[in-house]
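Below you'll find the structures, each written out as structure tokens.
The same subunit A turns up in both complexes below, where it pairs with subunit B and then with subunit C.
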Partner chain A sequence: MMKFIRQNPLFVIGFVMVVILLGVAGIYDWVSPYGLEQMDMRNRFALPSAIHWLGTDNFGRDLATRLAAGARISLTIGIGTVAISALIGTALGIISGYYGGYVDTILMRVVDVFMAFPAFVLALAIIAVLGPGPLNLVISLAAIYWTQYARVARAMTLTEREKDYVAAARGIGASATRIITLHILPNILGPLIVLATFGMGTAIVAESGMSFLGLGVQPPTPTWGWSLAYGLKYLRAEPWMSTAAGLSLMFAVLAFNLLGDGIRDYLDPNRVTTKAVKKAVRTNVKRA
Partner chain B sequence: MTEPLLQVENLSKFYPVKSGNLFGSRVMRAVDSVSFNLRRGETIAVVGESGCGKSTTARMVSGLLAPTAGSIRVNGKNIAGVKGREAFALRRQVQMVFQDPMASLNARMKVGAILEEPLIIHGHGNRAARRQRVEELMGLVGLRKEHLDRYPHQFSGGQRQRIGIARALAVEPELLVLDEPVSALDVSVQAQIINLLKDLQSKLGLSYVFIAHDLAVVKHMADHVAVMYLGRIIEQGPKAQIFDTPRHPYTQMLFSAVPQIGLGRANPDRAVKGEMPSPVNPPSGCHFHPRCAYSTDACRTTRPELADFGAQQAACIRADEIPAYATTQSAPGYKEAAAQRMKIYHEMIGSRQQAEA
Partner chain C sequence: MGVLIHLVKRVMLFLPMLVGVTIVSFALLQLVPGDPVAVLLGDNATPEQIAHMRTQLGLDQPLLIQFTTYVGNLLHGDLGVSIFKNEPVFDLITSRLPATLELAFGAITVSVVLGIPLGVVAAMRQGTVIDLIALVFAQLGVALTVFWLAILLMYVFAVQLTWLPAIGRGEPIVSAVQILLFEGRAGPLLDSLSHLILPSIAMGLQGAAMICRLVRASMLEVLNSHFVRTARAKGVKERRVVWSHALSNALLPVVTMIGLQFGNLLSGAVLVEGIFGWPGLGQLTVGAISQRDFPLVQGVAISFAVLVGLINLLTDLTYAYIDPRIRI
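Up next, the complex of A and B:
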């Protein structure tokens, strides 16, 4: 692990960024001296300063506090979306790939139907039916993202199920459930985790997009997308508000993408990390 | 005579092959009416070129592939095409060892878990009893039980194959199907694995179906040899007869391809020639006739059946006429040259040992 960290500074940066994000989202209400809705009309559109770290918005509310609250919402919706879509997509993808035949044909046609819609239009349509709100937002986003997991899981399962270790498991009498959960799933998990990490970034952007359009989380709940949209009105005169919201968004997406890259490298099963190697590295370092 | 442990009868596996034209679909006869018997404690080696159907046969015998036709009897019970609970019980009797141990071991499971899995599936005792059995298995195949917490990629190729063998032995099978168990290994490691298999056979009374293309290994392991060509057995019998007096021209061709220390190529004129035809569109009559030095018009039309020649069986209509072929014969001058080489070799070793001392 230590060796891996030393060789992958980007992973560490991504990890630290995610931790910062989670930390900020988790503790802002204890730390911040400002309330979310606490206005200061004399101090509208303040630039970042010692008093207001990221300045203030059009009502003089502390932008840092509001963006931190936005981080909590974005992360919650991002995690919810990724969890639901990964769960459904992976399960259906593995079943499709493992059993093949009719099961595969039917499930993959369902996936095709979902993929035939432009992703955002489908999400908008679902929101239009269900109505706006955080839970419905998660449902609509999961509905467009699960197909990715299904496709990847199916493709990986197709290659894995032909391998000898699956034949060996069948040879010792393992049931299909056992083969899927204990043999195939652990072997295809790496790419799926990477996909999920990248998916966090995408889901956060999508959430902001929906909120930007007014179809996501409703005001006055502070979200990044909404801050971005509202700041747009004053963009020419006071660009700071939109910029800060946009930078937060970029920070989050970059964090998850770096983390995803790192996890992908770390999960490579043929990477050698025995204690013996670590010991050898240590002794080499001492000797040098 | 007691009943054989394994009786394979008319075992066949056909695959439909899409052909270019819209209506025709042809059949690939991967394995075509293969029959053989194996007695308890003995080894039958199935040899042949790549693509002759030996691995397909192995997978059918071990129950991983459903045969198109034919029966596989283990202890008199047909295991071909059996499904569900009954198949589960029968699985215990036949286990398989795969060619590539890296591919046949789950890279994400520790060795301990790999060996424990068959015990869990077949309900072998509690955790402590399983642990004990796993340690016993490690000892049986010559691995240290301290290594149970390692992953497969932390072992060498030979050690991995030992793990594969241990897993196959976990459920105490009577028959092991070994699908080229050593051909992915270094020659020095091959010998260790072969000796381990022989030890296990005598210790546990196992029977082996040994799939191979390396005739030297076959000579060391087998009691019986079956030679396959294009999905059919074309010659079979006790090892000594097959190796000393091969009857079928194809078997003769196989043996003459093996270089031997001290003899060189046993018979360069009979070296392997031609390529194996496609099993989708096999030659008429005897499948071997396009490559055979002895083929006549009759070979193009009649399909030869296995006929008895003493203890040995061969499928060749001219087997009577074709000169018996001694594998020990060699081209002139080879023996002398080889003796000379060995002499130089021994001298070199001797002088190096002196220098070291």
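Up next, the complex of A and C:
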């Protein structure tokens, strides 16, 4: 256990941060003594204290509770976006890479076109036509992020489909669907998991950005982005409100980025651990 | 000759992308659930108003005719008329574009000026405190969201310290430089720069963190290569080896990165311009989307895509120019 922690510090830090985030988002309404809209007018704009851990807003509402609620929304939208975009992107990427030819050319040109737009701007344009709201937010974000999964899945499939195990599966008469789902997919999952982990951070930032502009999840739902925009009104006198929301956002993004870095390092075949080096040296010495 | 062939190839790839971008921006209006005109005008619109708007948007025509008209107009630089501002979309975009480009170049400057030296020093001093600081900066810089950073900078440097202006844009940099050159007055340029600093840092810091990470990794690889060992063996001074021999090679991926970052910068501009009251394309976009001004949304989307496409084309050509291996 200690060895794993020593060898994968980024993974461990990221993992612990993500667990904290999930925990807070999951159980805040059971643990917090305050309701989301419960006001305490005598304690308006309070700074962090034992009573209000993260202080209060302009109505004396408990910021810790509201930010935890924001975490739940951000994580839900992040997970929704990553799940849909990963599913669509991976499926199209594998089909593109496995079949090649016209299918590949057409799909990859579609990917190019989607990637030509600045991601956030295209998502905003889609929100403009669909209208704001959590579901439309997930659709608009998934519509821009599927391309990343498609590219990675295609590139990985192109390498995998030439390998002997795929030829062997084809040789014993396995269908294309079987080869793709049971043979290729498990072998290309690693990089896709890394991408999905980073994708969580990106989706959370994009969601907050949209809510910040008032185009995402609508008030009174206390999203982080909306809390930041709301705190901006009181920035001169009470900067803590937007600072708390900003710190929460940073914590979440950092958590998923560190976890992504950690998983990537862990899966990196070129990574050589100290112990592996020592073992190799010992073996060589013995042979000599 | 090699560069010319590369240029032609690259432009040929750009054209189908333009066609695709046109189709996507055309499709945006078709995506509106229900009747776009009813969505635009609300419940209180009279049938005459609805019919008038339908004609204005060309929605009374069959889909194919709508598309060919749309493409035909685009080829003439006609992006339609904004519903709420009642001005040609093309004029609105071109009048706002210089402000956004100014901001984007300011941000790229911040990214490069901060990111490259920090990355180089971190690679030179691998495993030391400086390296650790650079790594922490790289992680935190990426995690800092642009709009929060913008708010933080505004609070510290404009509200508390009052060193820099909080909102607005001074004289356009180009005219401020002209004033300096032809009239000898430096005031407008200093004022413009003071307005530019905070939004540029807000937009550029994330890029600086990414560039720092990339340069560090790239430098570590290059510093271990044979030509660096040769240069050292020949007795070239370490400073020259690092900053001249190694860095010029390590910077190649950074050129691509800067090109790719441009799209992110434009996305960042949408968020940052509103905070700093910067009169650019970003604010125009947010306004268009909040009002659901569909022709303006389509126009902005297509202009952003063309802009990013052009910058990527330019990046590719720069890359081919500075790295002869690409042309072979």
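What we mean here is this: the second predicted complex is superposed on the first by the 259 of 288 C-alpha atoms of A that agree within 3 Å, B and C clash if a C-alpha of one lies under 4 Å from a C-alpha of the other, contacts with A are read in each partner's own complex, and residues count from 1 in each chain.
We take it that contacts are C-beta pairs under 8 Å (C-beta built on N, C-alpha and C of every residue); 3 or more make two chains touch, one makes a residue touch a chain.
Every value quoted in this text rests on a predicted model; they were computed, and no experiment measured them.
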Quiz item: In the superposed arrangement, does A:205 touch subunit B (first), subunit C (second), both or neither?
Solution: second
Quiz prompt | subunit B versus subunit C as contact partner of A:120, first or second or both or neither | solution = second
Exercise. Check the contacts made with subunit A and report whether subunit B or subunit C touches more of its residues.
Key: C
Quiz item: After lining up the shared chain so the two structures overlap, which partner does A:42 touch, if you call subunit B first and subunit C second: first, second, both or neither?
Solution: neither
Exercise. Check whether A:163 is in contact with subunit B, with subunit C, with both or with neither, and answer first, second, both or neither.
Key: first
Exercise. Check the residue A:239 against both partner chains and state whether it touches subunit B (first), subunit C (second), both, or neither.
Key: second
Quiz item: Touch check for A:178: first (subunit B), second (subunit C), both, or neither?
Solution: first
Practice problem: Considering only touches as defined above, state whether A:186 meets subunit B (first), subunit C (second), both or neither. | Solution: first
Quiz item: For subunit A, which residues are in contact with subunit C within the complex?
Solution: 109-110, 112-114, 116-122, 124-131, 201, 205, 208-209, 212-215, 225, 228, 231-232, 235-236, 239, 242-243, 245-246, 249-250, 253-254, 257-258
Quiz prompt | Contact set on subunit C toward subunit A in their complex | solution = 16-17, 20-21, 23-25, 28-29, 31-33, 36, 39, 139-140, 142-145, 147-148, 151-152, 154-155, 159, 263-264, 266-267, 270-271, 274-275, 285-286, 288-290, 292, 294, 297-298, 300-301, 304-305, 308-309
Exercise. Show which residues of subunit A lie in contact with subunit B when the two form their complex.
Key: 163-165, 167-175, 178, 182-183, 186-187, 269-270, 272, 274
Self-check item: Of all residues in subunit B, those that touch subunit A in their complex
Solution: 59, 62-64, 88, 91-92, 95-96, 98-100, 103-109, 117-118, 121-122, 150-151, 153-154, 164, 167-168, 170-171
